[in-house]
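Chain IDs A, B and C follow the sequence of writing; residue 1 opens each chain.
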């Protein structure tokens, strides 16, 4: 997209498609939304940028009628609108493309598409409509297919079709690219362009990725702690400015930049020009022209002669007849951070589960310190010296309704018990020490982990895992859902662990994160490693191709 | 008596024992598709059986009794729905308490009251009733039996073809996703329980004012649980669920007919057959993933 | 969850009181519970009054049958013992996240095993009763273990399988007492044989421990009390209890932390079954029981014990007073009939009481959540202390 195009876009605005005035929402003492004003115009893509917890999703839930606002007004055109249910939002022409939890696996595409409508079901008409919409926007899909058979990209298409079919004048997309490959993202943004250019709809794009916002939007609003802190035409601002507004202070550090979704300033790559972040839009054509990358594939040894701290050999995992990992091999040396990068849903979570002891491989081995681990023995990985920060800490990392102290000792009960009885004194002793060491902020060690902030919960996990003195630390999406301060803290801890000789496997979907932290990057696609390359040789383009499954 | 007569008698009683199960099964099937494992089915049937007899005695009309039974089933469905899908009390706890409450209450009330006997009238279909063997069992019945011809296709249509049913299935599979799509998950589940209550009520009332004409303590004697077993046996498909009801009804008829036939057969085995078959079905079918994924799980917005 | 049993310094009473008053919104829940109890009692009284009885006379009869003298107290305690045993077992399984509702059947299986040992094994002296109790626990534990096995192998829902297995157990007992080579009573001359076993020998009965004029302190009661205390300590103080709690609150995290999920969950279910089985043996050998195996022997002790655990919110110590209350209703219920009120009334009262204990905390938390204007997962957890037993 060129500057000219943008300029043409920014003709004097007519009545905005949607106006929010003074929207506020409190959850008890927490202010999620504090007098937010927002204008969204027809024919524009409006970026809504903010850290986790800045109030983006609360605002959108209010717009969709899922959450009731405390005060403020919503204007659709000139009319004030009172949205109290998703149906009313639809009636007002507000449509949302959800990223997670919105398609029913057991139903077919057409059934999903008409779900939420009213009136009689007409299957023939529904299928015809699906086909029509899919043709108009170039989103091929079989209306009779069951959703659980579709890929992430196809599901995204269904979401889009479902939304567009209702002919919304305002489209909201919530973090739409997190499960998409760059090619799929490119397809998405092409559709969005068409939607605003030729059909004059308004699009709100919610993201925490700076690169995406700068590349794809016409206008941007930054939220911080529930308030609008910055508003601008996208062309008139820079990623640095946006980053500063998002965090509330200057951003210069590598790690901070990565935390915000900026590529690290490294070598000859200037990051302050505003065009630096390679985006889905820009890289898409490269895939077609096919710049051949020369990457090492398969098992790249970190350094010859060193026994790898963690060695994964030919791991294959089949879940319900679907191969989630196939012949995955990786070596990680002591003191090294290896980034495993890929789009969500390509086997990373299965690998995380495997290294948590939750699933067993169909074939292949895991070696820690040169010795194979008997994976079918409960707790074997932990005893072998492998610590892990699981991807979804709520589901397997912590027990939310047990106390901080209990969560800190749960993997090493032997240390706090004798003859089967738990010594509370010992338990609290260990807990207090770890809490101090890892900055866990809580009223007492008896506090249930549920009532802690995400950052503190993550510190509990980290403290427990590192306190066992592991030789390997696996961090699976360790910064998901954390605010910038907590992310920086996490980065620092991971780097400290590595410089202390721990081998770190960083599983991440954030390109910027692996670029900033890892010394080597392995790319995973459809459960296999498509390439391993030193970070110095990695560029967004090369990684992008590997992520798309285009191996050398 | 000839063998044909024996078979006809067993068929006849088998059908009568199947009918209450089949009504309730249509209800339970729909409730389970929406994600509620409704064990207060027993309370619905028992309460309705008592209510129908009491009302029939008071008004002198068995048909009014039948209607009263449906209303009582609806009431229990309403209570269960609000406790489980509004106040979020565990659905099994609600079921246990309601079953205990209704059993205690009906036992208490029947001990201190006496009711006149009333029965709904019989329909005899000309020509067809003369078909040998099955003619009499199938075509000389109390009229509510023929309501099944309406209820079964209607239940099927509701679940598989109506928008309401599409939403019920969505709610039973992935309530979080359904919610985001704008479906009121707990409302749909409460509505499903009303349908379930009405049909279980009809089944219980049919048992009382249809077949027997009176009420006795713990009259349903676990039929609600048999229906739950039938839905499991049917792997959450209407046709197979009803087939299960027929099997279980016939097994019961066999058990009752054994002494008259002079056969010595293990009657305990026949009593236990529904439960064993349901357990067996679960052991065999679970991997096929027919069970609604959110069955028995409460829905609260914001939790996953 | 902070209100775990803590037996450290004789603060049992405080703990028991705090059970009625848990969490930050304690006084509201407490007030709502008291209100709900009043409503439950009012409804029960209304029921009696409307049906022509006298509520006052009914309460008097209940009191007379359960607490008026030592004989009445004995009967109350004798009923409370198996109820408490069942409830303690229910606490274990519910806390491990495997909700066992098949206690009624497990009681029967326990009684069957105990009766078989008592009638068929030539053991003399006090050893007999010990073997009976052991056999009952093992058999019912194994019976409940089957449900666990079905869950682990094929993912069969534990609630459903334990429920269905109850009816299977009933028919097994019925079969046993209808089959001469199993346990049907011996034919004497041409007398008609009933579906029941021979009476147990006197050495197989649980007599009073110690001599008190008129009062019977049954060994079953002692066992039940010890079991409740032991399980309370085990849950709050041992690594076993820690793992059970972890398993119940987050099975994935437990597995991740190296807990042998399959074995531990199976054990919890088996333990809960074993306690129900013990209750069956205690009931069989108790002076308030019939002292012979009959299909109706369990007298809904299994269902009631489960309700006791629900009211006690799965805390073994809190189950003690609740079991006593249910014992009062049971032994008092027999005296109701004399006042013209059917003894089924106590079943109604019991169900209403359970409702009164179960609903208010949920309602209070829900009301608070509605006030704060949004529904969050956190509020839900506070809201549902009863519902939190993850249904496997």
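What we mean here is this: contacts are C-beta pairs under 8 Å (C-beta built on N, C-alpha and C of every residue); 3 or more make two chains touch, one makes a residue touch a chain.
Every value quoted in this text rests on a predicted model; they were computed, and no experiment measured them.
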Original post:
Can you list every chain that touches chain A and also touches chain C?
Top reply: B
Original post:
Across all chain pairs, which one has the most C-beta contacts?
Top reply: B-C
Subject >> Chain centre separation in whole Å, for chain B relative to chain A (CA means) >> reply: 47
**OP:** Report, in whole Å, the distance between the mean C-alpha point of chain B and the mean C-alpha point of chain C.
**Re:** 29
**OP:** Identify all positions of chain C at which a residue touches two or more other chains, and write them in rising order.
**Re:** 374, 376
**OP:** Indicate the residues of chain B shared as contacts by at least two other chains.
**Re:** 301, 304
Original post:
For chain B, which residues are in contact with chain C within the complex?
Top reply: 37, 39, 83, 87-90, 92-93, 96-98, 100-101, 103-105, 107-109, 111-112, 222, 225, 228-229, 232, 266, 268-269, 271-272, 275-276, 278-279, 282-284, 286-287, 295-298, 300-304
Original post:
In the complex formed with chain A, which residues of chain C make contact?
Top reply: 1-2, 237-240, 242-243, 245-246, 249-250, 252-261, 372-374, 376, 378, 381, 388
Original post:
Inside the complex, what are the residues of chain B that reach chain A?
Top reply: 161-163, 166-167, 169-170, 173-174, 176-178, 180-183, 293, 301, 304
Subject >> In the complex, chain A residues that touch chain B >> reply: 66, 85-87, 89-90, 98, 101-107, 111, 114-121
**OP:** Can you check the complex and tell me which residues of chain A touch chain C?
**Re:** 25, 27-28, 67-68, 70, 356-358, 378-380, 382-383, 388, 390, 395-403, 406, 410-411, 413, 417, 420-422, 446, 448, 450-451
